[in-house]
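Note that the chains take the letters A, B, C, D, E and F in the order they are written out, and that residue 1 is the start of every chain.
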Amino acid sequence: MTFAFFGEMMLRLSPPGRELLLQTPKLDVAIAGAEANVATGLACLGHDVRMISAVADNPLGAATIGELRRRGVDTRHVIAEPGRMGLYFLTPGAGLRASEIVYDRANSVFATRSADAWDWDALLDGATRLHLSGITPALGPNTAAAAIAAAEAASARGIAVSFDGNYRAKLWEAWDSDPRGVLTQLIRHADILFGNHRDISLLLGKPFSGDGPDRRREAAEAAFAAFPKLHLIASTARHVDDVDSHRIAARVDTRDGGHQTEELRVSGIVDRIGGGDAFAAGVLHGLLDGGDARAAAEAGLALTALKHSLPGDASLFTRADLAAFAEGGLDVRR
Amino acid sequence: MTFAFFGEMMLRLSPPGRELLLQTPKLDVAIAGAEANVATGLACLGHDVRMISAVADNPLGAATIGELRRRGVDTRHVIAEPGRMGLYFLTPGAGLRASEIVYDRANSVFATRSADAWDWDALLDGATRLHLSGITPALGPNTAAAAIAAAEAASARGIAVSFDGNYRAKLWEAWDSDPRGVLTQLIRHADILFGNHRDISLLLGKPFSGDGPDRRREAAEAAFAAFPKLHLIASTARHVDDVDSHRIAARVDTRDGGHQTEELRVSGIVDRIGGGDAFAAGVLHGLLDGGDARAAAEAGLALTALKHSLPGDASLFTRADLAAFAEGGLDVRR
Amino acid sequence: MTFAFFGEMMLRLSPPGRELLLQTPKLDVAIAGAEANVATGLACLGHDVRMISAVADNPLGAATIGELRRRGVDTRHVIAEPGRMGLYFLTPGAGLRASEIVYDRANSVFATRSADAWDWDALLDGATRLHLSGITPALGPNTAAAAIAAAEAASARGIAVSFDGNYRAKLWEAWDSDPRGVLTQLIRHADILFGNHRDISLLLGKPFSGDGPDRRREAAEAAFAAFPKLHLIASTARHVDDVDSHRIAARVDTRDGGHQTEELRVSGIVDRIGGGDAFAAGVLHGLLDGGDARAAAEAGLALTALKHSLPGDASLFTRADLAAFAEGGLDVRR
Amino acid sequence: MTFAFFGEMMLRLSPPGRELLLQTPKLDVAIAGAEANVATGLACLGHDVRMISAVADNPLGAATIGELRRRGVDTRHVIAEPGRMGLYFLTPGAGLRASEIVYDRANSVFATRSADAWDWDALLDGATRLHLSGITPALGPNTAAAAIAAAEAASARGIAVSFDGNYRAKLWEAWDSDPRGVLTQLIRHADILFGNHRDISLLLGKPFSGDGPDRRREAAEAAFAAFPKLHLIASTARHVDDVDSHRIAARVDTRDGGHQTEELRVSGIVDRIGGGDAFAAGVLHGLLDGGDARAAAEAGLALTALKHSLPGDASLFTRADLAAFAEGGLDVRR
Amino acid sequence: MTFAFFGEMMLRLSPPGRELLLQTPKLDVAIAGAEANVATGLACLGHDVRMISAVADNPLGAATIGELRRRGVDTRHVIAEPGRMGLYFLTPGAGLRASEIVYDRANSVFATRSADAWDWDALLDGATRLHLSGITPALGPNTAAAAIAAAEAASARGIAVSFDGNYRAKLWEAWDSDPRGVLTQLIRHADILFGNHRDISLLLGKPFSGDGPDRRREAAEAAFAAFPKLHLIASTARHVDDVDSHRIAARVDTRDGGHQTEELRVSGIVDRIGGGDAFAAGVLHGLLDGGDARAAAEAGLALTALKHSLPGDASLFTRADLAAFAEGGLDVRR
Amino acid sequence: MTFAFFGEMMLRLSPPGRELLLQTPKLDVAIAGAEANVATGLACLGHDVRMISAVADNPLGAATIGELRRRGVDTRHVIAEPGRMGLYFLTPGAGLRASEIVYDRANSVFATRSADAWDWDALLDGATRLHLSGITPALGPNTAAAAIAAAEAASARGIAVSFDGNYRAKLWEAWDSDPRGVLTQLIRHADILFGNHRDISLLLGKPFSGDGPDRRREAAEAAFAAFPKLHLIASTARHVDDVDSHRIAARVDTRDGGHQTEELRVSGIVDRIGGGDAFAAGVLHGLLDGGDARAAAEAGLALTALKHSLPGDASLFTRADLAAFAEGGLDVRR
């Protein structure tokens, strides 16, 4: 199995400790991007992973590529071109103060690259699964067209497609967009969808009433009905008790039925960003190991839980880490 | 409304992380001082705020002025003279270890300045409210006389006076002082008092029995009776569960009645110092916006809760931050 | 004398120590911008200084304003609007490796603001000198028009205008520009010009032969001939021995004659960025104190020399620092 | 009372913040070693304490000695010889991720020193108690023989011996060892044993059924029966709720009976390593002050609780800190 | 051209700033190793480079592999096995204090791996040049045999061999070694040798008299005579003026003649470690671009000069950096 | 030989890197004090050294004691009493910006301790040399009387006395002092004096004309004539080329004649503070090893040169470091 990921890579800049942005003049930097996060999560678990992206032809772009390479991602399909990197500034929250993000990603190399410039024959050569997220088509007409072209190219070549909703209203609203139309064109190629009832509601244009697991099942069934290729839908339900302590349950639905995990209390949170991407990586990993819905849900929950303990956007955990987590026991391992 | 604050500004020096003082040879520095903290809190909320103080005529004093200016406080009434800055060393606590403060503030420029040297005509020109705290008169006879002169000058000019108890026994005991006499001379000019039943008990020389809100109301009524100009008393009740997690309720009493908020669990505390000053700033802000006792109490509680999430002594939050807090929701804001 | 500065303020991001950009994931941040640097230099010397600019209506813009305010610059004429801050990434050099800058300033709030949006009546009210630099008009048609409007408005109100060449070919080449035409429209209002024979050559469209001081004098005389309002031209001649050690001489020409300082060896350089801006601040300061060409040249040289010892873009030195520099002696001052 | 401690001193290297090992290229260093931790704990409480050890004759060994000396431990019996220091790499856990230790201590100066090279006459001269732990004999035949010789030498000179189980299966399994035989030879000289039912079970070769305090008492009684010199056994029961929050109870058994403390919730844990060593130091301190089993258990619990709030392996707390802890109250101490 | 490098990779640990080792308890970490440094230098210049090595099967080994991968080195031939990583502690010098290194590399996974365990058919498959250094055979009999086997395997397959002397007396003296015999067996396969007259003298067992370039030429000719496959010898001559300022000249000899560069003053040195490895990478790069002795010497000198400006053991410079260096000019590049 | 040192210990606080004081809110801390610096220098060279001082009875005082102990100084004669520590703020210079010190040492525990409170019988018991400096008597009448009492007590007990001039006009001028009278009472007990012609001129009330070594010799002979017990005078002549590069020569005069070293260029200076104290330690060390004037001068010059390479006030160098310095060679030592 060779995974291909298509999406923007960004630099994340955040103040040290629990300071406000520029309270003191220092920033910590992390390499970010929803798709690159999932790619990293899988690469660190030992899978064969490739990134398809475009970065600035400057030291920032080079550092981005280098970091992905460090994590074991194949970066030979990351193009460096003149332009700027997308950035985002994260102020991590604390106590009763929520984390805040200021985006500065407009006009990036990735967002402004012409859809025609991507050579899908070459980029997808040898891949067996393409993973996309809802952020890429939301960036503007270029990337919307590119994402659709990618999904179609994959589909045409028999490459499986997975899609992570990641709906960001602000991005879609910044241009003359048709999110439902675009997303439909993408998801119809997907066999795996990461998204909850709200994502599906947006996609199908209808609300889902009820509560908790029932509502999620109802939405999943509607999605399966609407998208014949789709065979698995995964999502998390998160309850934020305070900034440092959440409760999370994972759910995986197939056409046959669904599995919802116990709710896990994730306390002592270090960095919540990328939790959803780690979940996606965990689910894909769980499925790869021959797992069923339950195995996928549990692996997704485990990887997202671990991610919350780590600074940075991406899960860097290995199979040994997942095994230790499954085994339990939180005292020092010697 | 132009606020004037009179009080000492200090440097706070504290070890990084959760280390003991000088466990490693690094110190983080913050600009501190009860009155400057309230001033900062209000300035960051957009109010017109002026500091009246004296600092050392050296780079430490200049940095203190610069930091206040950065926060939006008018520092043109801060005098720089030969001498030393007051300092304090804070060892932040953790788990079951309490935070500890070592003061090194004796003989500071502020504390040793002659009461006659302050020109209240000039310093209060244009101000509509003067805020004082119980720390200033406790520093010694110079500042006690200066604080009384300030309150009298304000009163004579029709400038409202607010007063924050901030009773520090160690300071009063370090010289031949009469705290009750001095504080009475100050509070009789005040329309707003920050203090609880213990402060009022000290002031009036009588205990208040009972428990919780009732005791606070009883004390408030006694204070209203004793001080005819007083029309609002604000206080917090804090329960320390552990160093990182407190429960706080705010109370505001007027002659008509009182409002006590729900108790709020403030977990994941980053820095508890200045919590009371942020409360005062929040209450004054709540009143300024035309708020009643309830609005004042809620604004005070909100600002003190936010302050606990921030390193340093002062609240740096904006109106947007208060609005986001009021709206609730602790997951990442994008 | 009240100075007004019009120009863009940016964030500068640089790696710690002598690392390459993102060699480790940390960045130091400084507030930057040629005009803001001159403004800072003068404010720290005690002058009355105002900044006219536009920043992003987000925590980055707020931090920029706060930092200027900390330095004593009046920021009430800095507008915060939706959009992005200009950024630049500086990799400081070392030994035989030159410093490198990667700009990411396109499409900033300042650069995209309509020329009509600046209300020069209000912005210049009370100012006695307006300082501009060649960077502002180079950013694009909006800022070129705004700079010309500013110079004309100043001129019309009898406000003196100074201009710092700061020619940046890359910026002018990025759009359909006419640098010579634009600069001519600006400099015809100026009485003070910061620039050397190369700047003047570009402006007048003719080369200056010869060498050293003679060539500079010849160019200065040509400029005086071409621009009747101009009465002072200041420039530095810099010889870079290695990254950490330069030799600098300052020159000031008036219509009567010129003064060129001794060449000063500036070793142990900490941060060379903003050296020209500190020079401009020093020259303006030297003139303000009633100085002649010689005094202006020496003050400019002193402030630029000191600036090279300081991290960040701007001179933060006081009159006491200039006096100590003039007095000489490099051993510890106690 | 003069305490002598015999054991290895190591360097502990750990990533900053909550990062994974080498996530960024920085390491924090602490001086470590079970016996040195107990020695430090007692020295900081004002006791007369001596370390007997061997370190590398290089700057790492010198730094180790210097740090012990800083803490008030007499290091004149620490020998510096050619060779290497033992190291360990600690990745502190967070949330649901357990802390992990990678040891790199093989072939250290201490582990490879010949048992004959220790001159117990000189090393124990003037000591009144020798403290050993189960780590020293587990390191290999040299240190096993040295530990036995130390215990015998102490016993022969009428010096009391205390022993902390600290059973580390991995160390014993790395060579052709007889842990039960070796430990028996050590513990028969001890009057105080730190260990729980599992340690005793290993020692006596029989399991203890039942639950909680009863099982511990049964095991203690069996140990008292087997080892006639033994008169006190101390242990903790720890429940790990999550990485940052444990519940701990302390128990001390004498031949007359036992005392078990209330379970204490230790939240906001900063560094759990060395918690057991701080407990041992606290118990020895409690006994020295003329305390009984209850006093010893409470002092042990207090010191281990405080240790969890401190970065590094060792308790650095003073008698004043213990007194403040006993007094209670977790708000800021001024 | 595909380069293969065989050698040990280590962690380098050094104090921050200009401190002594453990003056404060912080260490900066860099990935090190002579061969890995040359590999990195070439990879960053865009060449196809592979590392053959063995690291510990723990997070330290994984970080080592990750860092090489980040720099663009193919690490698929780096084996992870149980054991320890070699370490070294570097105290950077300053002023008149020389840098000092404490090695802790004995018994590493690499040094103790059996010579038979390396499968040269697989490891060299596709390589066109194998680069070795004199450190590997000096580590002990295992690595001496492995290095010889590697050179022979390369030779047998028609893969060119280059060899960097790197003579370390302490390593050879630590075991019952025959450096001259071993090195002869290696160098007889080499076409390129990095080493000066002292290395050749050791190899041939005879001294070279005279001075400067003449002595180097004489030694080179003797080496060419003794080793028929050898066709290029490269070396640097370094004069250490003080810790921060050296003068370096490069020399390349071929059978036809030699080229010696001008002496270059390398001032403001940031990190001198790995300067020789960067020189080797530069020479190999210069030759690859079709360069002659002069081009090779200049490229080697340029890369070593740049390396001295960079923290860490390895050159991270690109072709663009080399081009900028060649172009000259040390003022800020915008 | 057991050295006793009497003097104040202080905390030094300085900004990181080359920043101005509080340019960013971080401070590095070092333990300082002229006499403690000499004590440290000798202790690190392996001598038996005792500190006699008074510190605050708080964590700052405890850290001061701990740090001295870490360096191998016997601190059992350091008294901890209520009060404050003396502080000083150092802004390290760079390039053409001189280092600046802001003192905040008034009213320290040491300065305010009654002269009667020092029990010289106990404090000097077992000492063979007492070292004083001119800073102690300059602090005020208490310490002036204490220093005289110390010198007299030493003299009466046959303990040699050495004295370091360290003339600080500002300190003497802060009170109604008679520096010449006080210093005369001290130096008449001394056999070794650290001071140059300016110190002697002040002491004897007469100028010394001439230049360089001759003037120093003339002054030394006058001092020998005036003080019969004096038999050695040591001084340095420093030429400050820039902040980072000085030239230093050492001179030692005895009654028989003098030795002046070559001038040594000390470049790449890291920290110049404490250079004189390291010189004193080096001279005393040189004499202890049976050295003559030449040996003493060379040892003093070597230790002060090394000190300039080290952050902090005190020399931490060992005999091995001195030997390496004497051997020369500034390239990496492996």
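Just so we're on the same page, contacts are C-beta pairs under 8 Å (C-beta built on N, C-alpha and C of every residue); 3 or more make two chains touch, one makes a residue touch a chain.
Model, not experiment: these values are computed from the prediction.
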item: Where subunit A and subunit B overlap in contact partners, by chain label; value: C, D, E, F
item: Classification of the subunit D:subunit F interface as same or different, half of numbers criterion; value: same
item: Duplicate of the A-B contact set - from D-F, B-C or B-D, the pair where over half of the pairs recur; value: B-D
item: Chain whose mean Cα position lies farthest from subunit D; value: C
item: Fitting subunit C to subunit E on CA atoms, where both chains share a sequence, rotation angle to nearest 5 degrees; value: 120
item: Computed distance of Cα centres, subunit F from subunit B, in Å; value: 45
item: Between subunit A and subunit E, centroid-to-centroid distance (C-alpha), Å; value: 42
item: Per-residue overlap in subunit C, given as positions that touch at least 2 other chains; value: 20, 25-26, 100
item: Contact footprint of subunit E on subunit B as seen in their complex; value: 24-26
item: Interfacial residue positions of subunit D with respect to subunit A in the complex; value: 17-20, 23, 93-101, 103, 168, 170, 238, 240, 242-245, 272-273
item: Subunit D - residues contacting subunit E, complex; value: 13, 20-22, 25-30, 58-60, 63, 84-85, 87, 89, 91, 100, 102, 104, 106-107
item: Contacting residues of subunit C [partner subunit B, same complex]; value: 62, 66-67, 69-72, 318
item: List of subunit A residues in touch with subunit D within their complex; value: 264-270, 305-306, 308-312, 316, 321, 324-325, 329-334
